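Two complexes, one shared chain (chain A), two partners (chain B, chain C).
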Partner chain A sequence: MEITSITFLIPVILLGTLHPLLRALAWRQAALAGLNLVCAAILLRTWPAAAALLAFLASGYAMALLLRRRPRRAYLAGYLLLLVGTFAYLKNYSFLELLLPSGLLGRGLVWVGISYMLFRQIHFLVDQYQGNDDPLDPWTYLHYQISIFSLVSGPITRYQDFHEDWHRLEPTWASRAELLTAYARIWIGVIKVLALGALCNHLYILAEPLWTAGSSLTELQRWSRAACMFYAYPLYIYFNFSGYCDIVIGLGRLYGLRVPENFHKPFLSRNMIEFWTRWHITLGAWIKDYLYTPALRATLTWFPRTGANLAFACYFLAFFVAGVWHGSSWNFVLYGLLQGLGVSAAKLWEMFLTRWLGREGHQAYLASRPLRWAATGFNFHYFCLTCVVFGLNVPALRQLAATLTARP
Partner chain B sequence: MTRGDVQTRLTRVFREVFRNGDLELQDSVTAKDVAGWDSLNHVKLVLAVEAEFDCRFTLREIGRPQNVGDLMDLILKKVG
Partner chain C sequence: MEPYRFITRMAQRRFWPTLAAVLLVQVLALLLLLAQSGAPLLVYQGF
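Coming up: the complex of A and B.
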């Protein structure tokens, strides 16, 4: 079941168009619940995956109830350790080869959207532990986790926002124009995925000989294909992912769900810190709220005098984890390293400039348009570099390096 | 504690954290209006506010205030 397929879009849009006509909230919830459950059943595919998902959801809700009554750090820490460890095991992360005997390594048992569910679960439980008084009920929690408008590839929604919408499910548009905008956004998303993204993917695939059988290429062919790969792949990811987000945001509006924005002109970012506030925005926000802020807070508490100088390390840690979260093979460890390096270097550069130029000088630097464009161009190319690692496994990366450095 | 009390004490905290003795706070002041109010200094500010008002913010509350007015509302809610 593809989000961009006619077999998915037409029924969901039709149901979304009729949805507001259901007068009672219970009916609107039932219709959306039916949609979520049918889609989840189609996407799960196997009974073991369904059983694993059920265990994941049931244990998460049970832990939330326990944390409500007894908000003990040991309970939360123990469950999160188990959760993350199980996640790494089920996704068959490559680094487990270093920790476990080969006989214990799993074959992999995952369901679609598991990575996004993990982050939603952590947010949900940490907030419960910290005493946020969100109303709890299993039906809302279930649909928070399996909502078709965030299941497949996010966005990473927050429980409190979903709860508010789920118990209202009223039209989110104030005028006919806004409603038409929601419909238009769906189809713009489809065009992004099926046309623009597909075109960029085609250009990317033209470069495939570079990492498969590159030795027969001339130097011109090698470098022209390298340029294709370098620029086309990030654009492919952008059109594919932002297009998907356009679709689910537009669809969500039809049903009364406010699906959060996930992209805002990311290639205009001047550094990687800004980049993660514009690209996969909900992931950047989650990383900031649940990794970076707690890490920095602990650092500043334990090292009150020198902690500020260690902020870049907190950036590195947080975005290294963000990188590794994207995939289980070793190239994602490289991707995480590059992401961590990018944001921590941006922080160090900012700290250096502030000390060198002073506050006013730094403000003047930030206000300079030529410098901004230079920084934006550099940052875009840095992101393209990280995408090279994102798209290829380690053997392919080695072949790519060998091909590009081979003498003609 | 009145809102005025909170504003007076919060202004002192802001001036210490951002090293600006001339800083004046209004409800509408945001991070863009204060030089150096980035994510690092935001956490430093949170720790300083917690120490000043003897309270503790959850992770959700740390990210919630959009301006100084929201922060003062949050402090008033915390200290009752």
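Coming up: the complex of A and C.
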């Protein structure tokens, strides 16, 4: 089942349009729950995957109950270590080859959306530990995790927001303008994925001979195709992913759920720190709340005098982990390093400018339009570079480098 | 931050022209859906 297929979209849009006709909230919840369960059953495909998902959900909910009664750091830390370890094992991360004998390596038992579920689970449990007092019930938690509008590829919804929406499911029919916007977003999303994204993907595939052995291209062909790949792949990811987000945000609105925004003109960012507040916004916010801020707090506790100067190291760590989360092969480790490097360099540059120019000078630097455009252009090209690593595994990257540096 | 707020504003001011535009986009999207042979996998799916 694909979100961008007519067999999924038409029934879900029709049901979503009729959904507000159900007067009682309980009926609207039941209809949406039915949709979630049917879609989850189709997507899971195998019994072992279903059993693993059930164990994942049951353990998370049980841990939340425990943390509400006894909010002890040891319980949370122990469970999260187990959770993240199991996740790395199931996803068969390449770096585990260095740590485990081949007989013990994971078998790749994963289900669609497992990475997003992991992040939602961590957010949910950390918030329980920190004293979140939103009412807790297994039915809401189950649909928070398996909601079809965030199951496949996010966004990483917050439990508090989902809980509020789930217990209202306000009909969109209250405003015909809102209803029209919901439809428009779905169809704009479809066009982004199937036309704009597909076009960029086609341009990207044109460059394929560059990383497949035996290419006999001229130098001009090589570099023009390399340029095609360099610019087309980031745009392909953008149209594909933001189009998907438009579709699920529009569909969510039909059913009364506010799926969070995930993109806001990301290519207009002036540095990688700003970029992560505009690109995959829910992931950027998650990284800030559950990786960067705790790492910075720990650094300030351990090094009270120099801790503030180590903020860039915390950025590096947080975005390195986020990069590795994207995939299990070695190129994602490299992608994580480049992301970490980008955000920590932006932080160091900001710290340097503040010292060099003073606060007023730094404000003038930020207000300068030509400098903003220069920084935006540089940042866009840096992101395009990281996408090269994102899209190709290490052997393909080696071949690409060999092809581009080969003498005619 | 709502990137498509302008559609809501347009629909509030001039509903019927906005509806016509949305229907046009819908027809285009439906043609694309019908024309595709096997939906392309979402890049971020399965992460």
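In this text, the second predicted complex is superposed on the first by the 403 of 408 C-alpha atoms of A that agree within 3 Å, B and C clash if a C-alpha of one lies under 4 Å from a C-alpha of the other, contacts with A are read in each partner's own complex, and residues count from 1 in each chain.
Everything below uses one rule, namely that a contact is a pair of C-beta atoms (placed from the backbone, for glycine too) under 8 Å apart; a residue touches a chain by one contact, two chains touch by 3 or more.
Predicted model only: the values in this text are computed from it and were never measured.
Between chain B and chain C, C contacts the larger number of chain A residues. By the document's definition of touching, of the two partners only chain C reaches A:198; chain B does not.
By the document's definition of touching, of the two partners only chain C reaches A:153; chain B does not.
Within the superposed three-chain model, A:367 lies out of touch with both chain B and chain C [touch as defined at top].
When the shared chain is aligned, chain C comes close enough to touch A:180, but chain B does not. In the superposition on chain A, contact of A:131 is made with chain B only, not with chain C.
Shared contact residues of chain A, touching chain B in one structure and chain C in the other, are absent.
Every residue of chain B that touches chain A in the complex is listed here, in rising order: 35-36, 38-40, 43-44, 46-47, 58-60, 62-63. By the touch criterion given at the top, residues 2-6, 9, 110, 112-116, 152-154, 176-178, 180-181, 183-188, 190-191, 193-195, 197-198, 201, 236-237, 240-241, 244, 246, 261, 263-265, 325-327 of chain A touch chain C in their complex.
By the touch rule above, chain C contacts chain A in their complex via residues 1-5, 7-9, 11-12, 15, 18-19, 22, 25-26, 28-30, 32-34, 36, 39-47.
Across the complex, chain A meets chain B through its residues 126-127, 130-132, 160, 285, 288-290, 292-294, 296-297, 300-301, 308, 311, 347, 350, 354, 359, 363.
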